[in-house]
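Supplied in structure tokens, the structure appears directly below.
Chain naming follows the written order as A, B and C, and within any one chain the residues start at number 1.
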Amino acid sequence: MKSSQISQFLKLPLQGEDLEIKTFSTLAECTPNTVVFAKKYSEKNAIFLSENNQILAIVALEYAGKLNCPHILSENPRMDYLRILQEFFAPKQTQFGIHPTAVVEIGVQIGKEVYIGANCYIGSQVIIGDRTYIHANVVIESETQIGHDCCIKSGAIIGQAGFGFERDSNGVPQPFPQLGKIKIGNYVHIGANTCVDRAALGTTIIDDNVKIDNLVHIAHNDEIKENTLITAGVVFSGGVIVGKNSWIAPNVCIKEKMQIGKNSFLGLGAVIIRDVAENTVVVGNPAKELKI
Amino acid sequence: MKSSQISQFLKLPLQGEDLEIKTFSTLAECTPNTVVFAKKYSEKNAIFLSENNQILAIVALEYAGKLNCPHILSENPRMDYLRILQEFFAPKQTQFGIHPTAVVEIGVQIGKEVYIGANCYIGSQVIIGDRTYIHANVVIESETQIGHDCCIKSGAIIGQAGFGFERDSNGVPQPFPQLGKIKIGNYVHIGANTCVDRAALGTTIIDDNVKIDNLVHIAHNDEIKENTLITAGVVFSGGVIVGKNSWIAPNVCIKEKMQIGKNSFLGLGAVIIRDVAENTVVVGNPAKELKI
Amino acid sequence: MKSSQISQFLKLPLQGEDLEIKTFSTLAECTPNTVVFAKKYSEKNAIFLSENNQILAIVALEYAGKLNCPHILSENPRMDYLRILQEFFAPKQTQFGIHPTAVVEIGVQIGKEVYIGANCYIGSQVIIGDRTYIHANVVIESETQIGHDCCIKSGAIIGQAGFGFERDSNGVPQPFPQLGKIKIGNYVHIGANTCVDRAALGTTIIDDNVKIDNLVHIAHNDEIKENTLITAGVVFSGGVIVGKNSWIAPNVCIKEKMQIGKNSFLGLGAVIIRDVAENTVVVGNPAKELKI
């Protein structure tokens, strides 16, 4: 592939020689005939790039006039680089069907071009939308509806009973029946070994474009609104509502029934014991607003 | 079903019309001919219920004389509602046997009416008591004894070696052989993707009626006493003892060999680096007693 | 076995009678004809041991002259006891091969005397070194290279895509293609239900003799250097580098791209939002240096 093809794809002008491009890499590991990107300007990066004129660099506008190597100026180098990788380098998903070792109960509704990997178990009341890809060793049970173009990573457990108990007069915890559902929207990612519990009553809801990392616990009756990102190790209690476009950093934990406003940012390890207003950054144990 | 049947089952008088009851729901989602509950009194709830005279409400004593709709007054509405759901709505467990894709080694002792789900692996020294239900993709190894009427959720891993190492004179960690056992009592719940490690020497113990949520780590030689509730994301170090009737909130972590007294309450995200006396509430990082 | 055999194996003199040894145990649970150890001196232990002259005690030098029972003085009683357990009591690994329920794709390279357990899934680009033992229900995908003499515990998920997204102009998170590799050294342990993600670009690296406990998240492009111990519930963000011989306590979480110096000690529940210098102890949320 030539650099000019990348330039045409991005609809951005190519500065310098029209190199042959064979691969992609990080700046730190770049070899000749590779495409790289630099998001922020640094003199170190500018010098490094100028000394490596056999690479194509997708760079921020601040690099204008400062590079000798072939490059493309971009308002968002990381997003444009992402688009290049998706278009030219990422393997296209072409695997459909059900692996012979997967157990799919009678009654499951499966859309078009779905993949269900090895050693999965899919219970009889599950609905799976078109082009959703389910990796190996996933378990999905209960009345769980999953939208189209979702990705469920290996070891995820969706649809187990939520954790609800009431102590009887002897102090013995008696299970509150967990009879609710799960509704997962479109383009949702569920991470490896992440758990999503069914509601007690009603529905646990994960809206469109929510992306969840590994080892996360989504509890009964939680509701996560669209475009929110939930990173690894986050633990929800039950009945939490998270507004759209939020960011929940690793190892955050959230008390039951908290309401987290849209565009909020819950910082690394924050312990959320009060509601969080929209457009707010909170950090600490207990979490407090960080004025910035 | 008629409301009078519920009244008779609870042995509590029915106030108002003897409605036909078809389903159950939360207050927020209620439709006609449903049974709901309200634990605490609020004027908003009282008005809402009085405007919906096609529902049966199981309500706290404070609602007496304040409702137009059919209702039953209860000292513990949530517990009575739980009993209604268990009696009239929860599916009865009728599935017994071993799923054909489960691997159960020769030597395993299995009680009556046990279920072992798809893609499980059960090692040869495991004992499983009557009516214990093991969901899909569970692994149980080592000398692990599980009591009767337990529930092991999908992805739980029970009986792997504990994490014990001793650095040699070059600083290389050498594994301390993990040769102990696990003893799990009756009516114990183990959550999805939760791990319970075998003891180094001796036995890791989980007593009767302990309920453990998802993504919890129980380490070698821990001992959890009866009726204690352990919520999601809790991480134990080795050799911890937790007294009975305690509550461990999400994402709590506990230093090795700590002793946690009975009836203790470890708050959300608490980092436990000292023993906790009985009947004590602790919160924070590091955790300190909260006087209440 | 006689105590004198243990003495000869350790090359340390036996004090007292040459007992028959039948088993091993903790001090708390010891029965006659057992071998036990005591790491630190306490008068309570000394009295207890002296009253039990049918046991062999491997004890610290401070016990010299204070015991009536048969004993062996040791500079490192726990390490010597570990060696006794490994030599005389731990079952030798003799299980090789691939369990018939494991799915191993064409193309996998497998060394000598490897074991792959029940219900595993191994993708086609995986390389597994000699004598590596993979427990049940493990998933390994992507270009993942695992060294020799490793132990991968049940439920571990290795090689899923890392968590990388870039919001487009509508705020919708678009996945950054995750096209990198994983390289795991020799004598590495990966805990139950632990996740190790492939790099975005480049390689996620876990060096020789790193031991990782259960429910840990290793993110894309992390690099963990040799002999470091990572305990349960630890959550890494991406691009973190941890120096050799470090200790990461339970439930620590680490911000992206942090550099953790060698011989560092990250205390229980520490929230790491700044680099950590070598030979440093940090604790708290946010983590601060603890001068000791």
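The criterion applied here is as follows: a contact is a pair of C-beta atoms (placed from the backbone, for glycine too) under 8 Å apart; a residue touches a chain by one contact, two chains touch by 3 or more.
These numbers were taken from a predicted model, which means no experiment stands behind them.
Trainee: Common contacts of subunit A and subunit B?
Mentor: C
Trainee: Rounding to the nearest 5 degrees, give the angle of the rotation that lays the CA atoms of subunit B over those of subunit C.
Mentor: Superposing the C-alpha atoms of subunit B on subunit C needs a rotation of 120 degrees.
Trainee: Report the inter-centroid distance (CA atoms only) between subunit A and subunit C in whole Å.
Mentor: Here the centre of subunit C sits 29 Å away from the centre of subunit A.
Trainee: Residue numbers in subunit C touching 2 or more other chains?
Mentor: 101, 119, 137, 155, 193, 215, 233, 251, 269, 271, 285, in rising order.
Trainee: Quick one: in the complex, what on subunit C touches subunit A?
Mentor: 101, 103, 119, 121, 137, 139, 141, 155, 157, 160-161, 163, 165-168, 171-177, 179, 193, 195, 197, 201-202, 215, 217, 219, 233, 235-237, 251, 253-255, 269, 271-273, 285-286
Trainee: Spell out the residues on subunit A that touch subunit C in their complex, using ranges where they run on.
Mentor: Listed in rising order, the residues of subunit A that touch subunit C are 24-26, 28-29, 76, 78-79, 82, 85-86, 89-90, 99, 101, 117-119, 135-137, 153-155, 187, 189, 191-193, 209, 211, 213-215, 227, 229, 231-233, 244-245, 250-251, 268-269, 271, 283-285.
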